[in-house]
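In what follows, chain A forms one complex with chain B and a second complex with chain C.
For the complex of A and B:
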């Protein structure tokens, strides 16, 4: 009897000791961190541009012909290594041009004024305030960034299910059906490209905003596109919205696009 | 039980064949590769974190960088010495370690891991 009792005592103490080890270790570790060497940190770049919700106002009156819109598309494709496929089914689009009736099907009358009817409209991801693609993504690969409202993609996490492409009412997302690498005309070595099996789209030049530069299309537009914070009453975007009547694509769906058009 | 000899002979043949890969490769283990540093990496002497940490945990560090850059818009890494680095595989890591074949691939091959970083990230950002 005596040996069983002593065995239980020892076992009990040992179990208690094992149970408290993690707690003791945690206390010891926190003590080290508090008084020891500084820990590595991450932060924003000094020149990074910030906003509550980035927005764009496109003055289509200044972009009358395809020749006016082409440089914007070229600038974007070049910087982001967007491949060019001749097969329409494989097309990758970040920013592209379309007709009024396709851009604004809910605002298109049978008889439009000629200027608007034949004008090329640059269209891109609207970086919606209520993005349906984000709700559709099963892996949270696409998300609305809290810090600046950009609808971004984490290509590492995309599994290529294409739910987001179905959910997006603007056709702003493209799927890499083929390895895009051989179809990139000129590789920008500062920016990654994508692989077969992921979805991609416009990122509002998040990588340029981070170093204090305006988006590539804005820079190439020679003043036709304004870019700024939608919630800053003095931003260039808000100034234009104050002075001009603007429309947005498929506003009736309630996605709250952040790209505005002056027609 | 008259087939004792046949059974034992069969077992010996089976064991010999079954263990063939083990004794065939005995003593032929490939030596652990030595990483080769570029001149620029040698000159810098220290990486973003201590070498021991980088050797064991560079993958966790890269994952952490990816998360901070993509999701939190934080692109600058400040190490314990207060030195700042842009968090970029192609533009920061491969700027010093521009010899991917000798620096990355050797160990990855030895450890039989195949990270897919270079499916998208440019492996020679300087175009050498």
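For the complex of A and C:
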């Protein structure tokens, strides 16, 4: 019943949005389902970590200096083939450090606790529960994965319109203004490097979660960053949220960021 | 009717050749961009849209502005506009061709542009923008062509065109509304996050579009045997006068809300544009120039003496075209992106290749306009001879 209902939904949308190949494929696939044939499915790995909505709690008290933050940025850049450009315009950033007043422009006081004022705040994609970037994308090249709430990118579908960069209120997205390959110090063959003309951003290490590993920054943070399921009351993330007062970036916008900060 | 575009004097052919050369040069620069990537432009991680989308936005307005002759003629039976509706429709066609070219020029992976059709995504405003822009192009091609052909044949246009003509009127409003929605639905971009953005876009469109049409009419009268008519120009001028006044009024409403409420997020973008922020202010002289030009435009078009005098009216129209271009193209992009979501100031200045590609697109639009206007004017000269 459910599949038929979703078939009708797809068919309705397809009729509305000019009958095109994928829509036809969807119709064909549903037809088969009616005949009892199984639908193609992506199977989880045996060791894969799963959650309803992955979330992160960053204990910034444990990340006092740039030297504390840089290893985790470095770990991410290395694993994901994030290039380094000298031209600031072409910068690609997945996770980077900034000051409190930039991470939380609406929460900054003129007279701030000195430690907080000088502390480096790691910022990254918030994997929002209501991601405006996903709403904006005209090709579904960026999407919220239903199985675990990660906001992902299909680098092969992205047309490079950069509407998602306009939509993101956290400046979390980067665009490949040129071929990044010559600017990647050491190529990690296990993760694709990108081509010019597409947008990219943090993927919460979806590729690592799939094989049972924690995100690279979490692993490198020596306990400063916790990672877990927001909807599992016993997850490390929920334990921390229970015990600490946390803040999120631009909560007022209703995007429901999944990255929490302990200050 | 296309054969009419081949019959012209030396000046006509020279102009067409010059445009083709400019298009060629722009295209060569575009090939470079295709090879290197958008890194040859001044855009950055923080200012991720630039000169292309700025001009796109402005030209959607020019296209929508054509409705200001279509609406009075078909809805109010204002007969005088019968002579020039086709000029409005053909201006819209040229403007839309430029809009679509600017979009393609702005894509990082233009070969994948059809993914927008292949994976239709109704929750994206860009999807709807694609529909309304192409739809408007189609409507104006069908209507303009058939009405002109009927005029040439000395008959009334086909009855089946009527519904398309009526549809084209709200459709014109829709193209600029949807284009405004690209901007004003973005959380965290306070400069654009205002319900008055679509009305503002429309008011500046109804000033700039008809102003450009007046310039064209004056040009056509001077250099061809077809006179678009004094009354027609004067009525258009009144439309321009109202629209530019409303546009400046809407802008002042924005200023009031931002500064009386005193909310930093709203004020900072406007401050950046008009007085500079944290020592950065490349836009400051431009924005003040835009304000001065628009006020000058109001004085010249509202004042009956300067409106009736076609020389001062021409100046009024030109300053309005330039003033609204700075305001809506340059200011809208720069103001929206600076400061960035982390409240850092990273400015944007287009590069020479970027401007070159844009000039190529403008030359393409000018070529389309030239050919279509040549056709229209030849028919009108023929009919009146």
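Just so it is clear, the second predicted complex is superposed on the first by the 221 of 263 C-alpha atoms of A that agree within 3 Å, B and C clash if a C-alpha of one lies under 4 Å from a C-alpha of the other, contacts with A are read in each partner's own complex, and residues count from 1 in each chain.
Note that a contact is a pair of C-beta atoms (placed from the backbone, for glycine too) under 8 Å apart; a residue touches a chain by one contact, two chains touch by 3 or more.
What you are looking at is a predicted structure, and each value in this text was computed from that prediction instead of being measured.
*Asks:* Go through the superposed model and pick first if A:171 touches only chain B, second if only chain C, both, or neither.
*Replies:* The answer is second: A:171 touches chain C but not chain B.
*Asks:* Quick check on the superposed pair: does A:106 touch chain B, chain C, both, or neither? Answer first, second, both or neither.
*Replies:* Only chain C is touched by A:106; chain B is not.
*Asks:* On the A-aligned overlay, A:138 touches which partner chain: chain B = first, chain C = second, or both, or neither?
*Replies:* The answer is second: A:138 touches chain C but not chain B.
*Asks:* Looking at A:187, would you say it contacts chain B, chain C, both, or neither? Reply first, second, both or neither.
*Replies:* It touches chain B, and chain C stays clear.
*Asks:* In the superposed arrangement, does A:161 touch chain B (first), chain C (second), both or neither?
*Replies:* The second partner, chain C, only.
*Asks:* Could you look at A:61 and tell me whether it touches chain B, chain C, both or neither (first, second, both, neither)?
*Replies:* Touch partners of A:61: none, neither chain B nor chain C.
*Asks:* Would you mind listing the overlap between the chain B footprint and the chain C footprint on chain A?
*Replies:* none
*Asks:* Mind listing the chain A positions that touch chain B in their complex?
*Replies:* 37-45, 48, 143, 145, 147-148, 152, 154-156, 187, 189-190, 192-195, 206, 210-211
*Asks:* Would you mind writing out the residues of chain A in touch with chain C in their complex?
*Replies:* These residues of chain A touch chain C: 13-14, 16-18, 20-23, 87-93, 98, 101-103, 105-106, 123, 132, 135-141, 157-163, 165-171, 174-179, 196-199, 250, 253-255.
*Asks:* Which bits of chain C are touching chain A when the two form their complex?
*Replies:* Touch list, chain C to chain A: 36-39, 41-46, 48-49, 103, 106-110, 112-113, 115-127, 130, 182-183, 186-189, 265, 340-344, 346.
*Asks:* Where on chain B does chain A make contact in their complex?
*Replies:* Those residues of chain B that touch chain A are 49, 65-66, 68, 70-80, 82, 86-87, 90-91, 116, 119-122, 125-127.
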